[in-house]
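Both complexes below contain chain A, partnered by chain B and then by chain C.
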Partner chain A sequence: MKTGSVTVGIPRGLIFYDHGRYWESFFKRLGIKTIVSQKTNSFILNDGVVCCTNETCLPVKVFHGHILSLTDVADYIFVPRYLSVSGRELCCPKLCGLADMIKYNIEKQVKTIEININTRHLKKDTCQSIRQAAETLGINYHKMLSVFKDTIVQNVSFGAPYHANHVSGNTGRPIVVLGHSYMIYDEYLSMGLIQKLKNKGFSVFTPANLNGYIKKMNAEPFVDKFFFNTGLENLGAAFTYMNLSGISGVIYLSPFACGVDSLTLEFIERKLFKKGIPFLKLTVDEHTGEAGFDTRLEAFLDMIV
Partner chain B sequence: MNITFPHMGNTYIPAKVLLDFIGVDYIIPPLCNKKTLETGVKISPECICLPFKTIIANLVNGLEAGADTILFGGGCGQCRLGYYGALINEILSDMGYKFKYLEIDFGRMSFGDIIKEIKTVADIPAIRIFTGICLALRTVFLIDSLYKKAGHCRCRELGRGATDAVMREFKKNVLSVKGFAEVKRLIKKTFKELEKIKLDETAKPKKIAVIGEIFIACEPFVNLEIEQKLGTMGVEVHNHLSISEWIHEHFILNLIPFKVNTRAQIAAREFLKAEDVGGHGVETVGNSVLRGKDKFDGIIHIYPFTCMPEIVAQSAFKEIQKKYGVPIMSLVIDELTGEAGYITRLEAFVDMI
Partner chain C sequence: MTSKEYYLGIDLGSVSTNVVAIDEKGDLKEKLYLRTGGKPISVLLGGMRQIEKRLGSGARIKGVGTTGSGRQLAGVIVGADIVKNEITAHAFATKNVVPDVGTIMEIGGQDSKIIFLRNGVVYDFAMNTVCAAGTGSFIDRQAARLDIPIEKFGEYALRADSPVRIAGRCAVFAESDMIHKQQTGHSIENIIAGLCEALVRNYFNNLAKGKDINHPVVFQGGVAANVGIVAAFEKELGSKIIIPEYFDVMGAYGAALLAMEKSAGATNFRGFKNAMCNYQAKSIDCGGCPNMCEIIEISQNGSPVARWGDRCGKWATGAQNSEVV
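Let's look at the complex of A and B:
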């Protein structure tokens, strides 16, 4: 297949909110057209819910919906397999098995481009998957590998500079929103949480506003130990913000039955309680109504004002 | 020093053998029961998996009874089990308990590391600890073969309930015997009693395999005695998720300097490209493929609610059922699982096959 004539679809879900821009530039530099699925909406959610086993968590269901929405417009769909992004960080099992789940859950034949991200055994795992992807797309393997090193490896690994593009910049009272990036930045899943807070005059801070290294040094009790990367991120962010003066409250947005959150939430809740910082735990799933969500949020905000 | 440890199926027997041998005081918390679960649910995070809830309750019971050291077998990787330790520490310290925490990670620690860890709390000669561990491992294998035998008898017995009576007696007596020799004698005795049970030799029981998450599959209180229930329905239960298998997989194979994949891991490659999704995710897929190839009549997949690896594995079942023609039923267990509904589902499944 000639380069330039293929389109690769990038689903707007899961790791897209962290590393999507790197992947876009990765494909761009290889001369491949990319198309990012539209923002999450009720159709995407419903499509995803229908094809998954019912215990799958909400973001993964939504990711399936994004893939379905791309099947007609893209030749290949990009599904990364994140196993570990740096030495002692592991990814959620669902990210490891994502490509397999998609294969079985979506009955329509989906042609996927899989690339493994595994910094713990970088050479074998990653190179093999890149070789396969290069073959599928008809690109020289060495070229792909060097572009991969330039665009991805530097940016996803340990201590990478995080972009603070979600700081509101105004001078309102500071409030911290924690959660997986694919929950808090997805406007549909988070029901516009960040925007709602901004409208109420708060300055919103998220884990993305902190340097990765600082977060990792503060992620008690897992500093220098093995843990899930999203967990480290939230633990680190919570305990860094906790020690700054003037934080008026912390909100944690979690999808129902998230395994990683069940651990991190408990640590954060206990520490913040001891510190006397108001903390709101918001759990959402596909049945959550916006009215109830807003009531909980408003009650919390009234309390901390 | 007074050690306590959580329950996982019948691990308390080898643990008892080990601690008796090295001469350390210990407290065995009461076997899991309704009360345990209630205690656990009260102090655990809401969405954590069920094993955590019973484990922490066991430890609370142990500490209440006067223990001051916790012995816990952890793990690592993408399953939450590896991080239980940190959370248990946090919760129990917040509750005001004072204790020392010993974590034994069979997956990553060698014999030497384990001995070193035990030595931090008690000055016992290394060779004694080493022998103790060997005896404990031997006990694990003996007990698992006993339970296997019981499973064989239960579905073929002529007088219903004979096997269960023998096993109940064993469970009662094993707590009062001390040391490896006596435990071994008791196991032998029970074995003989099981052999005395009159069996229906012509019976051709249906074969059902239990796969899924190891803690749930091993702990009879948590899985509502699935082996016993199916056994009395006249089904031969093959539960490959036993402690002995686990030790074989994670400890003995780890002693070999190069990586060896188990049969299940190799079989899983057909359906899962991921080499590891944490916990028993890959093994679940592999085992269901193997049982499918062995022409089992059915497979019951059992796991705690919110278990991450098993949810990934579950996705592949549709294809496996289609390819090998073996029905698979998933049972999700949490603290609210009702026994009546559970039995109905088991009965319906058995009737169907």
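Let's look at the complex of A and C:
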């Protein structure tokens, strides 16, 4: 296939909120057109929920919906396989198995471009997947590898902020919003949480506003030995913000049934409680009614003001 | 001599709709506890007419507060001065009755809450998450299944001699567990007592999560009428719990107190006559974008007075003109 005539679809879900722009520039530099799926909406949610197995978390289901929304407009759909982005750490099992889940959940044949990110066994796994992707897209393998090094390897290991300037405002009372970036920045899944807080006059801070290294150093009790990288961002951010003065409260937005959150939340909740910092855990699943969500949020804001 | 000026509090909940009237000293004068039964608007309007009759013709309303899951709806229909979430409303009411309260336990129809206070200030709270197990609706349903009037449900539990163990984590599991126990010959009293204990266990596991329960503990919400649950709570806590006199309308009471605190003379109250109007709610599927929001439109005698449910705000702000339709 000739380069330039192919379009690769990038689903707006999961790691997109952290690394999407790097992947966009990866394909751009290879001369491949990309199309990012639209923001999560009820169609995407419904399609995802219907085709995905019931036991996964909501963001994975939504990711399936994003893929389905791209099948008609893209020749290939990019599904990264994030196995490990740093040292001996692993990504959430659902990110590791994402490509397989998609293969079996989506009956309609989806042509995917699959690239492994694996710092544990970097060379072999990753190179092999790049070789295959290069072959599929008709691009020189060595060219793709060098672009990969430039755009991806440089950037992925510290969960770099994608939305750092999305979260802004420094006049209101500071409040911290924690959660996976695919939860807190997805306006649909987060029920507009960040905007709601801004409307109430708060300055919102998220893990993306902190330097990756600082977060790692503060990610107690897992400093230097974190197993699931996916929780490190939140753990590190919580314990960094905790020691700053003037934080009026911490809100953790978690998808129902997130395994990693079930652990990190406990650590965070206990520590913040001891410190006397108000903490609210908000759990969302596929309900669209915002009443319960808003009740908890309003009560929390009443409490901390 | 009785005061003729009142503040109203309305708690439009999933299972019950409560209306209270308090006087200027904050004393509760009238209360109504009605079943919402899936018809929030007509129950609310009926409640307003009843309260008007009870207060008499000379009554003047100086402020109205609404709370509960239907607080927004109630707020639009009656013209509220303050629309508050249930947690704040409950805490506000309880502080007024038991000033040194340490923990408030509230079990309502669809949700249960625990509120922790220190020196009269809320410092932590929890609500049940996505699941309604262990709430009033569940007990309601079990009472109906066993063909026992809900008012008598708790008394059965007190007559138990050896409560059976029921799985309390999930309402579906609990129900099948109860059926199994009943088919193996356990008495209904022991099963009901077991259910009460399971509910309380589930409540502490899900909401309190090992946090310190500060005393005094106040238990309120419709479920506080259930003596079986009260006994199970006292057994679990190893101490007495306080049940306020108006335990079943504390949310509405709190809303009334909040309205009294906020109101500075002028009120948005639309008057009791307003309750004679014909209100209708309809849902509209907006097709303006892929979000496909479900819009709720409230109309009074045919013309729309409020809309909500949209993510973008074009319906909510366009309530007065019909061009968006």
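Here, the second predicted complex is superposed on the first by the 297 of 305 C-alpha atoms of A that agree within 3 Å, B and C clash if a C-alpha of one lies under 4 Å from a C-alpha of the other, contacts with A are read in each partner's own complex, and residues count from 1 in each chain.
We take it that a contact is a pair of C-beta atoms (placed from the backbone, for glycine too) under 8 Å apart; a residue touches a chain by one contact, two chains touch by 3 or more.
This one's a predicted model, so the numbers in the text were calculated from it and none came from an experiment.
Because the two structures share chain A, they can be overlaid on it, and in that overlay chain B and chain C fit beside each other without clashing. After overlaying the two complexes on the shared chain, residue contacts for A:195 are found with neither chain B nor chain C. When the two structures are aligned on the shared chain, A:261 is found in touch with chain B, with no touch to chain C. By the touch criterion stated above, A:55 is placed in contact with chain B alone, chain C being left untouched.
Residue by residue along chain A, chain B and chain C are tallied for touches, and B comes out ahead. Of the two partner chains, chain B is the only one touched by A:94; chain C is not.
Once both structures are fitted onto chain A, a short way to say it is that chain B and chain C open up an angle of 80° at chain A, using Cα centres and rounding to the nearest 10. In the superposition on chain A, A:154 contacts neither chain B nor chain C.
Applying the stated contact rule after C-alpha superposition, one finds that A:42 touches chain C and leaves chain B untouched.
After superposing the two complexes on their shared chain, the closest approach between C-alpha atoms of chain B and chain C is 5 Å. Touching of chain A by both chain B and chain C, each in its own complex, is seen for residues 256. Those residues of chain C that touch chain A in the complex are listed here as 69, 84-88, 111, 122-125, 127, 129-130, 211, 289-294, 311.
For chain B in complex with chain A, the touching residues are 45-49, 76-80, 82-83, 86-87, 89-91, 94, 271-274, 276-279, 281, 305-309, 311-316, 318-319, 332. Of all residues in chain A, only 52-53, 55-57, 81, 83, 90-94, 96-97, 99-101, 104-105, 114, 221-222, 225-228, 256-259, 261-263, 265-267, 270 touch chain B in the complex they form. Per the touch definition, chain A reaches chain C in the complex via residues 38, 41-44, 188, 192, 256, 273, 276, 278-279, 283, 285, 287-288, 291-292, 294-296, 298-300, 302-303.
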